[in-house]
Every structure is written in C-alpha cells, then in structure tokens.
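Structure, as structure tokens:
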Amino acid sequence: MVARRLERMVRQVRRWRSSDGSTPIPVDPTLGEADRRRLCRLIDDCIDAKGGELAARRRASAIAATFLTLDDLGRRRFFLTLAHDYDHDDAAVDTAVDALVRSRDPEDRRDAERRLAHALTPSRERLLQRFIGLEDGLSFVVDLREELRSHREGDPALTALDQELRHLLTDWFHLGILQLESITWDSPAALLEKLIEYEAVHEITSWADMKGRLGRGRRCYGFFHPLMPGEPLIFVEVAMTTDIAADLGPLLDHDADRIASQDAETANFYSISNCQRGLAGVPLGDMLIKQVAERLQADLPNLRRFATLSPIPGFRDWLIDALDDGAPAVLTEAEAELLAPGAPDQAARSLRSVVAAADVPPPASLAPLEPVLTRLAARYLVEERRGARALDPVAHFHLSNGARVERLNWMANPTVAGWERGLGLMVNYRYDLPHIEGNHDAYVTTGTVEAADDVRRLLTGGRP
Amino acid sequence: MVARRLERMVRQVRRWRSSDGSTPIPVDPTLGEADRRRLCRLIDDCIDAKGGELAARRRASAIAATFLTLDDLGRRRFFLTLAHDYDHDDAAVDTAVDALVRSRDPEDRRDAERRLAHALTPSRERLLQRFIGLEDGLSFVVDLREELRSHREGDPALTALDQELRHLLTDWFHLGILQLESITWDSPAALLEKLIEYEAVHEITSWADMKGRLGRGRRCYGFFHPLMPGEPLIFVEVAMTTDIAADLGPLLDHDADRIASQDAETANFYSISNCQRGLAGVPLGDMLIKQVAERLQADLPNLRRFATLSPIPGFRDWLIDALDDGAPAVLTEAEAELLAPGAPDQAARSLRSVVAAADVPPPASLAPLEPVLTRLAARYLVEERRGARALDPVAHFHLSNGARVERLNWMANPTVAGWERGLGLMVNYRYDLPHIEGNHDAYVTTGTVEAADDVRRLLTGGRP
Amino acid sequence: MVARRLERMVRQVRRWRSSDGSTPIPVDPTLGEADRRRLCRLIDDCIDAKGGELAARRRASAIAATFLTLDDLGRRRFFLTLAHDYDHDDAAVDTAVDALVRSRDPEDRRDAERRLAHALTPSRERLLQRFIGLEDGLSFVVDLREELRSHREGDPALTALDQELRHLLTDWFHLGILQLESITWDSPAALLEKLIEYEAVHEITSWADMKGRLGRGRRCYGFFHPLMPGEPLIFVEVAMTTDIAADLGPLLDHDADRIASQDAETANFYSISNCQRGLAGVPLGDMLIKQVAERLQADLPNLRRFATLSPIPGFRDWLIDALDDGAPAVLTEAEAELLAPGAPDQAARSLRSVVAAADVPPPASLAPLEPVLTRLAARYLVEERRGARALDPVAHFHLSNGARVERLNWMANPTVAGWERGLGLMVNYRYDLPHIEGNHDAYVTTGTVEAADDVRRLLTGGRP
Amino acid sequence: MVARRLERMVRQVRRWRSSDGSTPIPVDPTLGEADRRRLCRLIDDCIDAKGGELAARRRASAIAATFLTLDDLGRRRFFLTLAHDYDHDDAAVDTAVDALVRSRDPEDRRDAERRLAHALTPSRERLLQRFIGLEDGLSFVVDLREELRSHREGDPALTALDQELRHLLTDWFHLGILQLESITWDSPAALLEKLIEYEAVHEITSWADMKGRLGRGRRCYGFFHPLMPGEPLIFVEVAMTTDIAADLGPLLDHDADRIASQDAETANFYSISNCQRGLAGVPLGDMLIKQVAERLQADLPNLRRFATLSPIPGFRDWLIDALDDGAPAVLTEAEAELLAPGAPDQAARSLRSVVAAADVPPPASLAPLEPVLTRLAARYLVEERRGARALDPVAHFHLSNGARVERLNWMANPTVAGWERGLGLMVNYRYDLPHIEGNHDAYVTTGTVEAADDVRRLLTGGRP
C-alpha cells in the first residue's frame, strides 16, 4: 500500500512539475517552525489568490509538491497547521453573529446571514478546492485524507478536518459521476496489479489466480472516477453458477469445470473490496451491487438469482461474549443437553472453548455443533442489533442495500481466515431486484430484517 | 437557443426515464397551488432521503422530469418555491446563534459553530446536489440556471438562488476538470452545429463558412466538461498569419490565400464565445487563451506572437456621452480645429452626429477623423475606468488575463456591427507569454494598464 | 468529385513527404519522352528493390508523388507506360513454356510451372503492391484506378490493366476486412460532407436535409476499410415506418411526424450509394443490406419487414423500345382498347408519346395509364432478361442478393428524376431474412425471380 | 504455444458459430476417406461459390471449423488434400499452353496468356482467400501455416503449399498495414501474458520481471495487424543507458539504479522476438528496429546511439568445426603459443575442449582466452560467409538491415544459455540512422560487412 502510494505520488510530482512548472519549496522534511512559517506564507497567498488565479494554481501545486517531500513528523505538522491555523476566525464569527442579532429588516438579516455563513467557512476550504483542481489533484486529496486518518488520534481538530474532507470528497464521488466498468483479462496489467493488492476479502495469490477470477463464468466490475483514470475505487467479483453458492471452494478453484456465463442462473457476488482508504465513509458500495446486477441481467437473460456469499465477521466475537455472559441467554435447553449430555450447565463453557480455538477444529469434532452454530448465526444476523442496525457490519451493509438473509452455509470457508470470520459459516444475502427497495425501506425505517423462510424457521428451532 | 434547449431537455427526459425508470408526476403545466404542494412533498422526501439514497435519486429524477413539463408560469413558481420554501430556517438559525453565544468552552463552541453552519445552509442544496448526480444532471442544472436568470428580476430571493447556483457550478467547472479540445472539420456535425449557433462575435453564416474557419491556417479550441460530452462551454477561433492582423476581412475570407500554420509567426484570437448562459459569472475564459497559446506554441514552434483582434464594444456609447458632456473633456484644441475649422466649439456636436449615425458613414467622410477617433479609442481603452477596472468589458477581460493593449486598427471591421461595436475600429490585445503574469498582477492590484509604446504615444498626441 | 479528389491527393502528397521524406521527381506535367524515361528508371529500381526494401518503399512514394504532379496527358502516358512497358515479358513466357513442354518428370514440371506462372505475372504488380503499402496508399490505388477508367477507351492494354487493378482491389476489399459503421449526426462533419457529395440516388440538398436523414426514425450505415479511415465505400439510408413505404415523399419530408425507431415494424432501405468509382466492379453492396438488416433486427426487435423503395431505371427506355417494336408485344388487347378506344392500333404510338415526354405529364392525364404501366413495370422487372439476369440493373442487384419483388408503387416519385428513372413508379424489393439465401440460389442458378403474389397477379392481368 | 493456439482456436470456433451460424460438419478426427470426400464436396462448393458469396462464406467457415475438430493425422490428411487435390489441373495447363503456342496475333496471344495464368493458379487459392475474409480469419490462416510447417517434411507438395501461404501472407502483412505500438505496464494483461510466452531471447521469468522490463528507462514496441488485434507479431525490448551496453546483467536487473529515458544517450535493443511461427519467412523485423529508432529519436531527443546487444548463436559450432579442421586455419602462431606454450600444435585441441564444455568454465580459466576468442568472434562475424551472406544468422539479419558490427563484449552473458549462444560473448550492432541505407546497399549488393575501427583492428591482430 505504502509502495503504491509512493509510486503514485512520485508520478504526481513529476506530472505537476512538467505541466505547471511548479517545484516544491526547499524545506526540511520535518517542517521545522521557520519552514512551517514559510509554507504558511505560500498558503496565505494561494488562498488570497494573490497574483491571480494562475499564480494561485501554481502555488497550490507547489504546496502539494512540498507536502510530498515531508516525512511523517513534517506531515503531522502540516495537518495540524491546516486544522488550527486555517480554520475559520472566531472573532470574525463573533462579529457576524453580532450583526445578525442586531439586523433590523429581512434584507439586512439576509446579508448578515450570508456574511455569517462565510465567516464560518474554514479558510483552508479554498486551498483544498484548488488542490482538486490540479492535474491528478483529486487523487492527491484522497491520499491526503488517507494519511490524515493515520494522524487523527488525539486532536479533535484533526478529526474535524477529516470530516471536512469526507464531505468534500462525498460531493466529488457522487454516483452520477462514477463510472461502472467491466474489468477483464484484457484490462491494463497496471489495473489488475492494483486489484491483486486491494482485494481485501479473499486474497488473490498470483497472476494465475487473477486470470482465473476473470475467466469463464466469472465477471469483475469496478467503479472509477473520470478524474482518476486507472484507479479503481471499489470492485466486486462475481461467479456465475446454477444455484446459489454454498461453498467458497469451487468459486476459487480455477481448475474446476465451470458453467458458461450465458447458461448460468445465479450470479454470486463473492468479494467486494474498497480500494481507497482516503474515501472511508464516502458511500460507494451502496449501488455497486444493484448496478452490477442490472448490467448482468441485461447481458445474461438467463440469470434469475443474485446473491452474495459473505463472511459473518462479528459472529465469533459476539458468540464468545454471549457465552461468557452465561449459556441461558443463547443456548436452548435441548442444545445445552446436546452439547453437554447430562451436564447442560457446562455446555456454554464447552462451546466457548471450541469457538475460541485459534485454529479450525477437526471437522469430525465440529459436525455435532452444526445445528447449534447455524441457529446461533441466524440469530446473530437477524436479531442482534446496535440500535436499529444489524450488529454485524457486513449484514448491515447488505440489508441497508435492500438484500435479505437467504441461507446459512455450514463450513463454507473451512480455512483459518474463515474460522475467524464466522466459524467457517458463510451467509448468502440475496438481491431480489423487485424487492430491493421495499427491503431497504423496511430495514432503514423500522429496522426490519428480511430473511428467507428457512432462515426464519432456524430461528424458531426448526431445521431449514 | 430555445430549440436547442428543448431538444436537450427532451433527450434528458428520455434518458432519465430509461435509466432510472422515473417519470414526471402529473401536474398542470402552470403548477397550480395543489400541484405545487404535491411537488413539495416529493422534494421534502428527496431532501430527507426517505426510503434511502436510491429512492432519493429517483425522486430527484422525477422532480427534474416534472420541471420539464412546466410552462413559463409553472417554472417561475418552481423557482419561487425553491427560493422561499427551501431556504434555511430562520428559527433554526436563531436557536443555533443562541447556543453559540452561550457556549462555555472551545469544544462546546466548535459544536455550536458546526450546528450554526448547518442551520445556515439552505435545505435546497441537497436537492441541487442530487440533480447534479443524475445522468446528464450537470447539464440540467446549467440549463436550470439559464432559465432562472430570465425570471430573476423583482425578487431578491431569486437573485440569491442564482448566486447559490453560480457558486455550486463554479466548484463543478474547476479548471482542473475542464478539457481543452481541438475542434476540426472532423469533429461531430452535432458539435459544429452548436458552434454555428453559439458564435456570438462574428456570426458563422453557413456550413461552408464553418469549414473555412477550420481550414488551412485556422484552429479552433473549446473547453468541455467530462460530464457534458459534446457540449462546448466556451470556444476560441484562431487565425495564423505572418503579422498581427489589422483587419477582420482577410481572416473571414476563405477564398483568400492563406499561409500554412507551420509557417505562421502570429496566432490571432479573433473570436471567443461563451456557450452556456447558465454558466454566467463562472470563470471559464480566464485561462482558455493562455492554454491555447501554450498548445499552439508547442505545436507550431515558428509562432512568435499571440494577439487578439477584438471589438471595442463600449467605445461608441462612451464617446457619445463624453461629447454630450462637452468637447473640452475629450477633444484637444488641435482636434477641435481640425474637425470644425474656424468653429472649434462646434467640433463636439459635429463629431457626435457622425458617431451617432446608425449606419457606417462613407469612408471618404471618415478618413479625416482617423487620428481623432484612434486617439480617443486609445484613451478609452487605457484610461477610462469603472473603479479600478477598465471601463470597456472586453478590455477588462483581456487585461485581467494579463494581455496588453497592442495596437488600434482603423476600419478593421467596416460593417454595421463593427460600427456599433467600436466605430469600425478594432484593437489587438497581445499575450506575451513571459509577461502575462506580471501584467495581470499590475492590473489587478494597482489597476495599471499595460500598453505598447505606439499606443502610449497616441495618448500623448503623437502618431504611432 | 474532382475537387474532393484533388484535396485528398494534396493531403496524400503532404503526408508522404512528411512520413517518408519523399518528393516527386521534377518532371514536366505532360511527361515528355525524356521525363518518361527517367520515371521508368525509378520504376525499374523500385520493382527490383535496388538498395533494399526501404529504398523501394521510398521510390514507390516518389513515383506516386510524381504521378500527382502530372496533367491529364501526362497521366495517360503514365498509364500507357504501366500497361505496355511493365507487362510480362513475352520472350520470358516463351522460354518458360518451352521448358514446361520439355519437362521430363513431375518435379521438373512443377519447377517449370512455377517459373511460367512467374513469367506471366506483369512486372508492374510489385509496384502496385508497394503503392498499397504506403501510408494512404490504398486510397491512392483506388483513385489511380478511378482515373485510369477515364482513360481506358481505345487501348485493350489499358482495359487489361483496369481488370488487374480490380482483382488486386477485390482482394483488399474483402468482406472480412470491411467495417460496418453507423453514421449519425454525431459523425465527423468531414464524413457527412462526403455523403452529401456521394449520394447518387436522392440528392441531399443541404445540411438540414442531411440532419433530417439522420434524425428520428432514420438510420444510415456505411462500409469502411481500416486503411481508409473516414472514407465511406458505400452507404445505405434507412427509414423506419409502420408499413412498407409506397411513396418517396414522406421519407424525405423531415417536417412530417415520424414514428420512433423502436416502434417501427418496417425498415425501408431507400437509398444505396457507392462512393468510390475506383472500386467499380468490386462487390461491396452484396452483403451491406443483409448486414444492416441483421444489425437493425438486433437493435429494434419490433422490426418485422425489411424492404427497399427503389427506382426502376431501365423501365422507360425498355418501354420506348418495346413500343417502337410494335404494340402487340407489350400491350394486351384490353389495354390497347383502353388507351386508344376504337383505334387499338394507335395505342402503342399514343403510349409511346406519353412515355417519351421529357417532363412529368399532369397527373390527371396519367391516371388512366396506371393499370397499364404498373403491369408493364411488373413484367419488365420479373420477365425481361439479359441472358439469365434481370434486365433492370437495380433489380438484378437486389435479386442476386436474395430479395423478392414485393410491390409496385404508382407515382411514388413524381419528380422529373423519378419520371426518368421509372415513369414515377418505384418498386419495393423485400429482404425476408430466412428466405434470402433460397431466393439468391434460385435466381443465380436457374434465373428464377421471386415475386409477391400481388405482383404475380399483375402479370397475369389481375389487379393486385 | 500449443495451449495458446488451442485457446485461440476455441475462441475462433466460438466466434464463427455466433457470427455466421456455421458449425463443423461431423467428421471423425482422423478424417477417414469417406469423411475426406465429404469435406472435399464442401470445399468444391465453396470454391465454386455455389449458392452465392454468402453461402461460400458460410462454407469456408464450416471448413475451418471442421479443420479445428481434426487430430494430428486428420490435419495431415487435410493438408495433403489441399496440396494434391486442389492444385492446378495439369491437363488444363497443357491445353492453355497449346493455345498459347498456336496463337496467331497479339490479341489472341494476350487471351491465351490470361487463360494460362488462370490455369496455373491452384484452385485452393480461392478457399484460402475466403478463409482470410472470415472474422478472425487472418489469425486462422497464420495458425494453419504454423501447423502445416510441422507436417511439411517428406512431401514437396506440402512445401509448395507452405510457400504459397507465405506469399499470400506476405501480401497481407505489408509494412503499410502493420501498426507499431508501444507496449507498457498499462497494456492489457492478456497481451503481456503473450510477451511472456513469446519472448525467445531472454526468458521473462515472472510478472515482476515483465513489469521491470516496462519500467523506468525501458521501452517495448511491437508490430500489430489491424485484423489481429491484441496479437503481437514481433516485438523488441529496449533499454536506455548512457553508453552502449557491454553486459546483459544490468539490463535485466530491475533493482539496479537506472537512468531516466529522457537523460539517456543510447537505446539498446536487447531482445527481438517473433511471435507467430505461421509468419516464418514473412519479413517483419526488417523495419521494426528502424521505425522504433525513429520513434525513440522523436520522443527522446537526447538519444545519440542506437545499438543492439546480440548473441552470436553460430559462433561456438563454427569454432568447434574450425578447430576440428586443424588449428592453422583459425589460430595465429602467437595465439597457439599462448594457448599451449611450448606445444603450439596442441593449441587447437586444447581450445576445442574448453569451447565444447557443456557448462561455462570458471572465469579464471577463461581469462587468458579473452584476446583469442574475441578476435575469433570478430572474424566469424565479419569474414565467415555462406555465399554472400554472413554465416551468423543474427549478424545477417542486422547487417541486411543496415547495421554495422560495433563492438565485441567479453563475458557479456555469463550464463549457460550465453555460453551456448556465443561462448559468453555478445556483440553490439549499431544502427546509425544516416548510414543505414548505405550499409544495407553495400552488404546486399557486394556483401561488404561494415565494422567499427576497433573491430577491424581486432581482425588484424591489434587490440581494440
């Protein structure tokens, strides 16, 4: 990640120099106080557009180039400077408030309001807007925020700056401007290299693995911004099958026989990865799945089902906690008896020790636990909440996008990573195009979680 | 213009329907009160994102589609609704001001400031942002503002809304995002048709005229926005010659012999036209000339001079006014004697009657006036001000871009239009790349107008 | 046409000079004998690749550039030189024939055959191949042939050269390499300008007419060669309607209401124009209609009928001849009586005088002739032959492409041009995708002309 | 290679079926006699265009699809069928010869010649031309020839067919139609995968190696055919350095410091690989280097030298043979004394045993041999011939392209592969743009090998 960022920044500096003739001002990488003051003078002139828009643009470029020469300490000082020295001016706010309070007529008040709104705007906003206006500037601001976030701790002004950047970037990463593009083995190697690096759910282990994920019966789509060509923002990997996938193995086994996309009835979204930490909190994924589903439906009229095969990342921790709190809360009597015949009060402890195992226990030892763990997973997904939201973050993401909980899959990912992210269980969230919006509304407004009948039956103790 | 706009809107409506499945709500074109209230409910839900971002987007699309079904009265009502009903809430502002005034510690104050800034933001801003996020949405907002501006008069809230839109659009039409493109006879006919329609300086009379302006020794460049493909924002026409052009005729005569671009030493920017009234006040032209000059310099290394051949649109009216005020102010004694030999006090009146003629007087009758009118034009351009700005709007545009007043050209445009926009005189503004920034600064900060020696000499009575 | 060609050639010369550094050798435009000999030496060296392939290429470029400096006489001399001086060598052929005749064993004979085939190949073939290999060289050879064809008369060697070029170009204008492209109002103006110039069937009268032909309910497609970008080879204009068009008027009236393409059931191919005279005899149109029909069918699933609205160019001349030969051959007794009541033997002469009129007779006077002329047109199209081919060239084109004669349309083109090309009658040829191949085979192998029942009934005297 | 070919063919079959609706005829993979006769009937109908061009095209497609279902034996039978059954007809040739011999006047003779040329053309030529006209057809014919070449042995008719295909493909792979494209890390992964596979000189060991060869200070260019998109025909890898590279190591070491391309003075062409065995004998490389050199010169004005770093593949075998023939022929007396002090007659044998070693001998043992082997390499390259050609194939390639022998580099490739292809020595061929043509002519016409002074001095015994 760091290497990539550095590479990108070096590229940016090179471009800026060639396109704008700008160079960094010579400062010590730590941005000592004297250097900091020199940089502030440059920032002041840039914000005031001294010497015209042309000069302001060149100064913004020089400031960005200078930032890239700083080390960690220097960058922290830069962020603190932006956060504290280029916030709004309290005195100006007070004056404007005063004028508003004393305004006599509507016209007068309107003027005062406008001046007050202006006084409340941090002066750095014009600098940030100018950064975006540079060639490759949007990338620079995204990376700037990524770095800022690693420095955020311990100073609320930095947190406020982070939020400001988030709002700014949210405007620029509107759905209307994002472009959905198909990624194939004919895509630039430089782009595929980034997918390999960014894939956060199921690691891409080699170029052969990458090729397999783009081959027969597979698709991959990403969102791109027109000002950041070649830089994926978020991408999803899709596997076409007959039925909804119950098992990760075959999806990632590129030597297995595969159905041709045209003949498939189900599109399985088995991996969604965000690529830009600097866009944390900027909603990108919300409509990716829906747009990809529509694109696939148009391309492959045989498709009848759209579903994910997702991890349940919070399940294990929740279960350990729940078992610590005492079995009655989570285990039924029958289950307790099943787990610890004759000593049901030991059941929770016994289950906890299995669940807390660092490695995947032997399948044979787990088999008896299947009904218990599957039911608990269903309960965790459908009923556990933080406020009105589903407790599980992946569940929350898909439910708020309008999906329903379709099916629990025992031992769908029997790897260590799978054990950690759901005790080997995986869940299908199903996107039923005509019901997406209704599901979304029900979840967002009343917190209702839509679930398939089999999942509901699990909750009431019946087997699916 | 109207036809074009309608065509574009029809296209938009079609796209929206197909892409988002949205349709206008059925309202009377005049948007009577009951309909207006129904539309307001839709707007409320859109702003509150009721039903999720998806639904909000579809609602924004439905609102835009509904707007397009309104007639003039209905649209005025729509604008008044946006301006008055979706402004910020005064009570909320008062509450927030109160909280700010009573805040005790910095943390508390920061919170209060954030809430106040939020309270001051008109609620319509989220609607406008959502419009931009639609497919073709940026075009829609540009057109929306164009229409708003024709309704602006008589209600300061509409003027405020216009300014709000200007700010919003200024962010979206950053130089960083604009693309400079060469326009040639190989460009789409649909694009050239727009140039023919938008050309505001020297009318393009036919497709043959258009072809001539893109032929040997000619170039044309425009700025485009990636979200408005095929829609020029501003364009400039350039003619390559040996010396700086003194006369419009040869530039527009496509049958005349022309020097090849590679052999030319001068690039004459003889026409710059804005294409989008909805972008009034959004700075686009500022760097167009400079960017085109740089592009040309790179392409055609023989070029040594960049200059405009520009009208002097305010000259005639200014001169009539000045002569009304009494000759002493503008005519020298020698000139007065020249114009009215033996009766110098009649000189101003006599000159005024010539200048005020609706049609171009016969060349012979004008010839004696050449030195007088040329000197007066130089004075008008270099010395007449409104505040620190040059009085002539075209002069102000080029001077604030860093050009200098290079040469006055007698009878450079001997047409009726030329008579109205400068008594047939035209002026060259010269862009000397290394001095652009210095000129800009001098003009912007101290109001200094840079002028060539010959022009200076004119001012002091000497012939160039 | 000449202007266009000149323009293209000037462009070529410019490109060649810049890309290859080649210049024409200085010859008199008439290519006097001394100059011709110098040019021959250049051609010899080029054919022998003296100095390597590099030098050969540069020489080919110089020869082409020199050709472009020649006047009409000079070019004729150039063609005669190619035809006579760079044919194969008779002596070499005789020697090779001799060797073949005296060959003893198969191996020996194979060798002799190879040498004979080589001896029979005109030496100019290598020059022509080298021309094609130049930048823009394929265009050059197409234009070269266009010119050659105007010089062809009176020398069989020139006709042979023309045929040689046709074979060469047929290889290069394979269907596999041609690209079918949609032409729209967003196509380059330079391309549309060429359509305006090349349209051979229904003149495009203005840019507004061009725009109308590319607007709502209209399509246009052309074949292009990858080595001649922007240069259409052949194009077809299509109008979408509910029923098969019976009348040219509405198709060319751009102010009339039009059905949207998506709602149309019939695609009418109302104009097909070849663009390159230099490709005469190279089959291009054969599959254009079929490919366009397939493309349209995929795009517009509502389409159910594909038909042309075509002129009957040979009808009038044929009818005049037939009437000269004496009425019995073409008029039925009933018709004769109808045309000349009481004096049936005058019928032919009377009809002939109407038909031979230079201008369109008044509709009222023509009305009584409708049944007679319509029947005669059907007979002409379906039954008149030159050998096994339909006599009418347009009929032959469509029939050999697999269409059938669908309907005769009285007064479908009531203009002077329409009168000349079919006495105002036009015919629909229908392309019924599943029957195209069967129709083609029947026509090509047995000369059977497929016709709709109504047309058949006409032939036997019944009204449709 | 086989895998790639299969993949491509599968792709082709898929395309053909979808585009033309054609399917292979059901034959046994071995193409038994009955099946062969059925296929011949299809071929006959295709050649005769029975049922029209449409049907002929579909039949060509079916024949190609059928070919792809054949196994090795079946394909051999197919090739033998083409070679023997679809050659020209000897009887027809005899008849035509007869007619020619008995022709009386020029007109008559011309006719007879035309008929004879036609009779000499193998009937399969029309089938092959139709293959090319299919979608992806050019690729198919290239692959067809690749396969044919593996079956060629033992039947002169197959060799003749191979030559026929070479001539046909030479027409289609004209320099004029080939496109020189830059290949970068932003090129499609599918393309880079092919480079990795096709690289024939210095194996690309991984994707990281591939990336390194496209990184800072490196360039790669390939020739492509517009009808075979994404399929490289030949490519060259270039390394930018200060001086002409003497050593392969640093060129392939991607961790070493590298000069930026803009600052480099030398472009080293260190690897040229043909990609299509089916294009053997079709000249592609001839101008690749020259075109790349010109492109680089335009891009990087600092470049002053263009040179290869090439293996000397025939050196070792030649030397072993020469030493077998007896030392006097190749070793000077001084060298013999040096190699075998006191027993110069053992020198040859002693040197031979070193040279014939399977593995690279220890550097220390080789050091004394440097002057001897370097001189012998110079002699081998400059003086050893097969006819007028340089004996070494790589030397012949570069010399006939106009390069000169610039410098011998001792231990430039100290790997086993390097030992086998030149005893570790490599040679720079220098492309001096202004002298390329003169060098070419001298080499082609008189066999003169241009060499740098230092190389010449080596030959006469002096040290460079």
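As written, the chains take the letters A, B, C and D, and residue 1 is the first residue of each chain.
What we mean here is this: contacts are C-beta pairs under 8 Å (C-beta built on N, C-alpha and C of every residue); 3 or more make two chains touch, one makes a residue touch a chain.
Keep in mind the model is a prediction, meaning the values are calculated, not measured.
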Touching chain A and also chain B, the following chains: none
Averaged-CA centre spacing for the pair chain D and chain C, given as whole angstrom: 42
Rounded Å distance, chain A centre to chain C centre (Cα mean): 60
Inter-chain centre distance, chain A versus chain D - centres from mean C-alpha coordinates, in Å: 51
Contacts with two or more other chains, residues of chain D listed in rising order: none
Touch-based graph of the chains, sorted into line, ring, star, complete or other: ring
Inter-chain touch pairs (all): A-B, A-D, B-C, C-D
Chain B - residues contacting chain A, complex: 51-55, 57, 88, 90, 93, 97, 100-101, 107, 109-110, 113-114, 116-117, 120-121, 129, 132-135, 137-138, 156, 160, 171, 174-177, 226-227, 283, 286-287, 290, 400, 402, 436-437, 440-441, 444
Interface residues, chain B side, partner chain C - complex: 185-193, 207, 210-211, 230
